[in-house]
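For reference, chains read A, B, C and D in written order, and residue numbers begin at 1 within each chain.
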Amino acid sequence: MPKRRALSVALIGTKFMGRAHSNAWRQAPRFFDLPADIRMAAICGRDRAGTSRAAKILGWEKAVIDWKAIIADPLIDIVDICTPNDSHAEIAIAAARAGKAILCEKPLARNVAEARRMVDAVKRARVANMVCHNYRRVPTVALAKQMIDSGKIGHRIYHFRARYAQDWIADENFPLVWRLQSKVAGSGALGDIGAHIIDLARFLVGEIAVVSAVSETFVKRRLTKNRQPARVDVDDAVSVIGKFRNAAILNLEATRFARGRKNQLTFEINGSRGSLAFDLEEMNRLRFYDSADPNQTRGFRDIIVTESKHPYVGNWWPPGHIIGYEHSFVHTVADFVKAIVARKKIEPDFTDGLKTQRVLDAIQRARPLSSL
Amino acid sequence: MPKRRALSVALIGTKFMGRAHSNAWRQAPRFFDLPADIRMAAICGRDRAGTSRAAKILGWEKAVIDWKAIIADPLIDIVDICTPNDSHAEIAIAAARAGKAILCEKPLARNVAEARRMVDAVKRARVANMVCHNYRRVPTVALAKQMIDSGKIGHRIYHFRARYAQDWIADENFPLVWRLQSKVAGSGALGDIGAHIIDLARFLVGEIAVVSAVSETFVKRRLTKNRQPARVDVDDAVSVIGKFRNAAILNLEATRFARGRKNQLTFEINGSRGSLAFDLEEMNRLRFYDSADPNQTRGFRDIIVTESKHPYVGNWWPPGHIIGYEHSFVHTVADFVKAIVARKKIEPDFTDGLKTQRVLDAIQRARPLSSL
Amino acid sequence: MPKRRALSVALIGTKFMGRAHSNAWRQAPRFFDLPADIRMAAICGRDRAGTSRAAKILGWEKAVIDWKAIIADPLIDIVDICTPNDSHAEIAIAAARAGKAILCEKPLARNVAEARRMVDAVKRARVANMVCHNYRRVPTVALAKQMIDSGKIGHRIYHFRARYAQDWIADENFPLVWRLQSKVAGSGALGDIGAHIIDLARFLVGEIAVVSAVSETFVKRRLTKNRQPARVDVDDAVSVIGKFRNAAILNLEATRFARGRKNQLTFEINGSRGSLAFDLEEMNRLRFYDSADPNQTRGFRDIIVTESKHPYVGNWWPPGHIIGYEHSFVHTVADFVKAIVARKKIEPDFTDGLKTQRVLDAIQRARPLSSL
Amino acid sequence: MPKRRALSVALIGTKFMGRAHSNAWRQAPRFFDLPADIRMAAICGRDRAGTSRAAKILGWEKAVIDWKAIIADPLIDIVDICTPNDSHAEIAIAAARAGKAILCEKPLARNVAEARRMVDAVKRARVANMVCHNYRRVPTVALAKQMIDSGKIGHRIYHFRARYAQDWIADENFPLVWRLQSKVAGSGALGDIGAHIIDLARFLVGEIAVVSAVSETFVKRRLTKNRQPARVDVDDAVSVIGKFRNAAILNLEATRFARGRKNQLTFEINGSRGSLAFDLEEMNRLRFYDSADPNQTRGFRDIIVTESKHPYVGNWWPPGHIIGYEHSFVHTVADFVKAIVARKKIEPDFTDGLKTQRVLDAIQRARPLSSL
């Protein structure tokens, strides 16, 4: 019997995404039949104590505080980048040069120029690469994709509208964290959560041709964590219209100022035959309207996406037993591992990340609107 | 005891809106304490047999087939215009000159020029005038307005987004009715249903400063009712972004191509303190989030707007007994009658209709979008 | 041309039900093609001033204060009984003897003995008779019945569960109105709202074979309207289990002590193939699950019951334009008029009322429960 | 520094519950600050190959096929029983005698006699003991308990109604698995899923005083897995009414014949001030109605139970990021470990299991219902 392959993973980043990815690497082999064993080899953070604690709690073999040591370690197969946006390019390019497979948190970069350099690096190095747009692998979203591809809502798509709404900075006294600083984050709600729905638009409908946008910074000054007043130089909210290449109309909103919406990513797609609707806060349900149903009994179906025939979710629990947010990361790393071993292309890769970045940039330089 | 005043109404139009307005004039005195009696004096249509039948079924004293006879009749106090859009201006201006109070279906006109002439006419004649944006008087919408005005969602509004979605022409074989012809309707989904949500935007948040828009005619050729092929020269759907004068972000969509959405007018408003959400297909409910609620028990409240303290609805049935679509027209005519007798301004009047028309026109001439 | 028949109606009762029935008689000819004209001839109440006012506001030709004058009037064809329960039997029996068609509010009587005398009277007199269980004619409920009859949820029914929940007396300071007095009302929540869901159980599933019940009077003493302390001698809530003759399991609850439930009548029916669910507070929607749908896209359909093919509702407005509570009474009187003219049996008639009363009585004399 | 304690766990059972509990033991230390390390020492199943595979996939150090070896192993601290119901008593009593802490799947036993022997055994041995009614530790349910205890719905409870509905055996061709055999399972839907809602009734409201019940076996004959025809001798569904000692009315249903309901555990509780409603298929949400809210803005609040202040859930992800079914088991073992180390009583323990068993038995011997 040939020895089963093992892949060693190093994770860079110990905060929210670090925790979510750690869980994914730990859980994936328990619920999915992976073609390789996973070794959770190292986690890398900025301070020694915190990183050591994270390693122990999150289940990594060792703690590292210099990411370059990760890159230099020949035993590491996969580098998983969960740092703030301003370090994605540098780390990813170094990892590519070192021949590592790379999973990178979204948005891929702060701008098109950075993203293009990253794509060049992974192409030149021919390394496996993936952007962690985890929502593609929420079972409900994956089912929506299957249904669209098989014509369930018809052969033409008319509308894609999505909204990603949160309210965690609606309080004016919330401090100026890195996600509110242009030089670290690139943009505000746009790159952080807008990137997710742009990725879903591209995944579910296709490439975007034209856009127009309006954005606003509602709270223009905040205190830093050290209580210093500072200007907020990213968008608090952005609203976008546009067209896909296939003539479908695009409507997107990303905001952190929607009181009561905690992590609400909703989309609705209307096709020539039917419609689909999704809400991340009820992420185990897909609404589906089929105009081919009998007239008297037509209506949006509330599909509880927990059946064994549904993507991913049959690996978890019996029908009706719902899964949560973090499972989408488990599915992401499971698919990434399979793609690495099979040497197959995986989506969304860095090229997808670049295309999404082009949309982000186009939104940021959108022309002024017409005055009344 | 002074003799109680009676107001004689003449309705022009016998189709969908004619039926809805007839019901309103008939029901208003039964449920609201009006300061005048209502005489349903005449209904006017184009063919004699149909109009006579309508008069009998809908409860009008006589049937008339020349609207000019209505205008010329000195006994008529109120002219209610429910005709296609291309005759609004001519009838309304004639009615104003004859000193009639005027209730006119929306959109007020086909374009700003027409609307301006209508405003001039009613101002010159000093006649009571109202545009029938009936949704302002859905109790839930009226409650939303009260709550916004009293600061329930805070002193700043950040977002207003609304969508009016239908699917009655999503079938490519649906014929080319007047609502799909530019010369009669002025525009497509925009003027027909988009006008309603623009009116609500202005009602609930304030005047709009800038807009950008994208529209599409998905089915470009249809058969007329006589089975002749013809070009569709109005929009099937439009998507709009913009800003209000108070810096709030506007996002609007109007479409007749959303499979499964029958008459779904939804809006959500996010303020500095809370949020409101509405869906016309569940029109007796208002969702309200108050960030001032205790942390542990915060959540969108599902207010069933049927309490005696809620606007209008206490005049109908006990709490929990819901009302329907047509009741909004009853409230509209009840308020119009009160305003006429009290000689008070009523909203939305023709000036409001003109302002809404300016937004419609700005959307139609919106600049091209930025290509990627 | 033969002269069209006219039917003269007299309504006894001027309160909540009097208003709802008045509206029904007024609206039915406007929306339904009736085989006779309706003359709203007389309304009868207890005090002269209030009844005169009611006649004017509600649209009746004259006001009467002695119901026996109604019975004695040979010009009256239909007597509509909207009085408290303790006078149903006396009035209905007198009306039957006088040859009137009778529409009687529910519950038919205070007990089986009374109900039986009423049935005997209408049978002997061979007069048209109907109990106003208006919820049978909510379009959604009528659609549910059609679907069950055509096998949409399968040939066996396993479960019928219904709950009618209100909260209008949950406040301990609410006074002792007639609905809280046994000698007038017969029972409390049971007869008032429980009767409706028993009628629906019989309508949708069939006759009930056995029952067990538990009830409670949570607030045992209240003040009368004259501020005198008095004992509450009816149930505040009742919970019932049982079996239908076809072996389906029955589960019913009626309560006026469910905070937040204003007029919530819900039911769910599970059959061998599918399920149906209904909520009166969202009365234009029927949830339908069909296990024969494809595995991947199965889910409860949210049918908006406003299509032209749906029962009754096509007579009102286009799809998606919802109707309200009072429309169920319009449908009831429209069907009653058609049955009278066609000399056909109508359901639910007094015999149905008696059968429902037998269930009410069986619930009231249910055996004590097993102690643990 | 004192050496940190480690607790060695052995799990008996490798199927659905075995997988859920394995996940719980694996995840608990990653998300909760436990006072001891967890060693996943052994998993025990019936066949060697399957158990070895389970050990590897689920993360247990070794595979065992004789549960008595587990009991005999002095290094095992905790025995976690996930076997079919007929072996609970034997294993638990042996484990107690061996001084192990015991976590036992529900229902505790097949009947009161068995349950009593188990209670006696753990009391005599003074070992930590817990029944795995995991739904008590769904954050939403735990929040409901906190709110009830702090008077949020008032000082009196009027109604508790719950329903646990599934449809996995609604298909007549589904085979006769152990859960459909009385000698293994004790009862059908009653003990399997009814036990959960009886536990929740006791947890949230208090002890039950009297009950009445009706049950049915809708499909009386099924094929065994070996295709042999056999009689089904457990209930397919049961419907229960009763009273709590505090006079609140109880209404429960458990069924496996509700088409479209996959794992729907719903409850609603009505108190003198407010109401709570829950649905396991939307388990991150709690509906809360507070009659003390202002009249105009009262309505059921839709609380998304993902805030840091909510029980358990703050240990997972930021607000709005929902968790799933299996997390309730993680919370259960985390609390059990804390109780073991702190030598504190934990609920629900075997005494609770016995009390629940008394209710199950009372339901099974309920008196016949009254015939009509």
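Heads up, the rule we're going with is that a residue touches a chain if its C-beta (ideal position, glycine included) is under 8 Å from a C-beta of that chain, and two chains touch if they have at least 3 such contacts.
A quick note: this is a predicted structure, and the numbers were derived from the prediction, not measured.
Between C-D and B-C, more C-beta contact pairs are found at C-D.
The chain with its Cα centroid farthest from the Cα centroid of subunit C is A.
Subunit B and subunit C, compared by their mean Cα positions, are separated by 35 Å. Distance between chain centres (mean CA atoms), subunit B to subunit D: 54 Å.
If each chain is reduced to the centroid of its CA atoms, subunit C and subunit D end up 41 Å from each other. Under the contact definition stated at the top, the residues of subunit D that touch 2 or more other chains are 261, 298-300, 304.
Against subunit D, the residues of subunit A that register as touching in their complex are 16, 20, 22-23, 26-27, 29-30, 57-59, 166, 168, 261-264, 280-284, 304, 306, 316-327. In the complex of the two chains, the subunit D residues touching subunit C come out as 153-154, 156, 158-159, 161, 163, 165, 167, 170-172, 208-216, 218, 236-237, 239-243, 247, 249-251, 253, 255, 257-261, 268, 270-275, 289, 291, 298-300, 358-359, 362, 365-372. The residues of subunit D lying in touch with subunit B in their complex are 143, 146-147, 152, 285-288, 290, 293, 295-304, 307, 309-310.
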